[in-house]
Amino acid sequence: MSSFWRQALQVAKRDLLVEGRAGEGVGIVLPFGALAVFVVPLATSGSASLLADLAAPVYWLVTLLFGMQLALRQTATETVPQRRLLVLLGLDPVARFVGRTLSAWVLLIGLQLVLIPLVVLFYEPEPVPTPALMLPALALYALGLAMLGTLAGDLTVGLRTRTALAPMLAAPLAVPLVMGASQSLISISRGEGILTWTLLLVATDLALSVAGVVTARPLEETAT
Amino acid sequence: MTDPIVQLRDIGVRFGTVPVLVAVDLTIAPGEVVGVAGPNGSGKTTLLGVVATLIRPNSGTGRVLGAALGTDDVRRVRRRIGLSGHEPAVYPDLTLAENLRFVARIAGVTVEAADRALADVGLAAAADRPAGRSSHGMQRRIDLARMLMLEPDLVLLDEAHAGLDQDAEVIIDVILERTRRRRGAALIVSHDAERLARQVDRVLRIEAGATV
Amino acid sequence: MTKRILPVLAGLALVAALAVALSSPPDVLQGDFVRILYIHVANAWLAFLAFGVTAAASIGWLVRKKPGYDRVAASSAEIGVLFTAVTLFTGMIWGKPIWGTFWDWGDARMASTALMFFVYLGYLALRRATPDRQARARRSAILGVIAVVQVPLVYFSVTLWRTLHQGLTIRPDSVQMEPAMLVALLVNVGAFSLLYLALLTARVRLARLEEAAEAHERAPAGRAVTAPRLETGQ
């Protein structure tokens, strides 16, 4: 295995190992997201048709905002001594970006999958004819959010206002991702094609990877 | 005639608007171990950061292991620099052994070397203890184990003696001995003048950001 | 010299623009409300330009690392926020009599411009949060690069969204322009462009003065620490 991929996988493995032990994602963000899904209907008239219509928008909103929380979780945020160590070890900054994105991607897919049955349970939306068609869109959506979250996290490392600033920077830039995923679902429910929206997701993910690669080295300096 | 390992001329660093280092000169020859002493806030840690190529100087010129400071050339030599800072660089949720193994894998060194270094510093029995639940002294030993494992040509120790018991001091002695033998160099910051004097060839004094 | 000329020119141009806007013919469909569009479209164009300048200067800084690029990027962003706010505001004022509502989700451009406004605000928030000058320049330049890649996609995705879900019929850009109206529009664009240049040069100059004031000789950090004035046995 080339040293680039070895390093990237080591970083991803470390992140997931830390998450397995610290449990901030699975133990806190996930239940918090589930809670958000649960609370929204309490703020409505409770009409079944309204909730059925709200199901998808609430799902996308919660996966976006809480997905950002996942990608930016504190236990995955490296301290200055840790970052300095990695810089001196010669960790390729692009490998680091890839590794962090991979681990965030895994966690985000987990979040998305867990929230689906909850939304179906509490909102009872119209059943979707071929739900399996959504899988590529969900994967691409999660990948884009993972990259955006990693970038926003690295951009705000060490800043006191990081907790609010990072999601605020990422959210408007996440619109093409939310658009692609949500419109794919709408198209599938209508029996229409999802090629356009899939292409939008692919284009956005490509653009974000380019941004990630190009900014990896300059971002390395912000950490030292 | 061998080139110096570290050569700083007239180095200045400011954080925001505040100058922290002012016109620092420093030359370290191969095989030399230099100590740095000075009052709180005098810029010792910042100096170490500059020599580690992690802090870009705002003025002056410098070369570390032949690479010019402030240029991309430093990426070439970073792998040969070992830094143990104020705070140990460990991941609290990983065990002591996992911390070293992670570093080994990133650096392209064998896992066996990591385990050997862990045993050398006397932590073999605590290998499976999470780093976050280990004492500061134990975490410091991990930092030093890393140096033993990676054998850097330039060793930088900040507050070298803080948190280390008498037993563990031999670790620093061995690191310095091996570094000298390899014709590398070391820069050590410490408030403990007595222990420092014993381990270094000369002491550089810094006050208010300038060498005196 | 430029210090005086540019603002005066801009001021004169704005007066001329106002005069032309008020004296140009009313639109067949919209009547007098079309006049708001001259300001709206001019500001929209400037908001884009300002954003483009910020993006280009950000890339310039990452390549060259010269502080001048950072000053231009930040100044242009601040001015861009202003122009974007005016674009949104005039769009809403125009929308009320024409659509009967201040906001129409059917207008892809307004929605995208609102999103770009948030991106600008984020950029400025990041700058405010970073005290160290070098770090501030680096981080905002990086955000500038990320934004340049993402914002066109944001626009594209919102436009795609609207073409597939039909909205209302009258768009700001669907107005049939008579020559006289075109002149009014161009004069406004020209006037606001001069305003942009005047504001940009003034803001960059201010930034340079701020930096010079900061760089003025300060005592090193270590001087602030003295020996404690305590003794044992008291």
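List of remarks:
Per-chain residue numbering starts at 1, and chain names A, B and C are given in the order in which the chains are listed.
FYI, a residue touches a chain if its C-beta (ideal position, glycine included) is under 8 Å from a C-beta of that chain, and two chains touch if they have at least 3 such contacts.
Note that the coordinates shown come from a computational prediction; the quantities given were computed from them, not determined experimentally.
Between B-C and A-B, more C-beta contact pairs are found at A-B.
A simple rule picks the central chain: find each chain's mean C-alpha point, then take the one closest to the mean of all protein C-alpha atoms, which gives A. Averaging C-alpha coordinates per chain and comparing to subunit B, the farthest chain turns out to be C. Chain centres here are Cα averages; for subunit A and subunit C they lie 29 Å apart. Computed centre separation for the pair subunit B/subunit C is 46 angstrom, with centres defined by C-alpha atoms. Centre-to-centre separation of subunit A and subunit B, using mean CA positions: 37 Å. Of all residues in subunit A, those that touch two or more other chains are 221.
Looking at subunit B, one finds that residues 56 touch two or more other chains. Within the complex, the subunit A residues that touch subunit B are 3, 6-7, 10-11, 14, 17-18, 21-22, 75, 79-82, 84-91, 221, 224. Those residues of subunit A that touch subunit C in the complex are listed here as 151, 155-156, 159-162, 165, 168-169, 171-173, 175-176, 179-180, 183, 196, 200, 203-204, 207-208, 210-211, 214-215, 218-219, 221-222.
The touching residues of subunit C, when paired with subunit B in their complex, are 131-134, 214-215, 218-225, 227. Residues of subunit B touching subunit A in their complex: 49, 52, 54-56, 75, 78-79, 81-83, 85-91, 93-94, 98, 102-103, 105-108, 130, 146. Subunit B meets subunit C in the complex at residues 15-22, 38-43, 56, 206-210.
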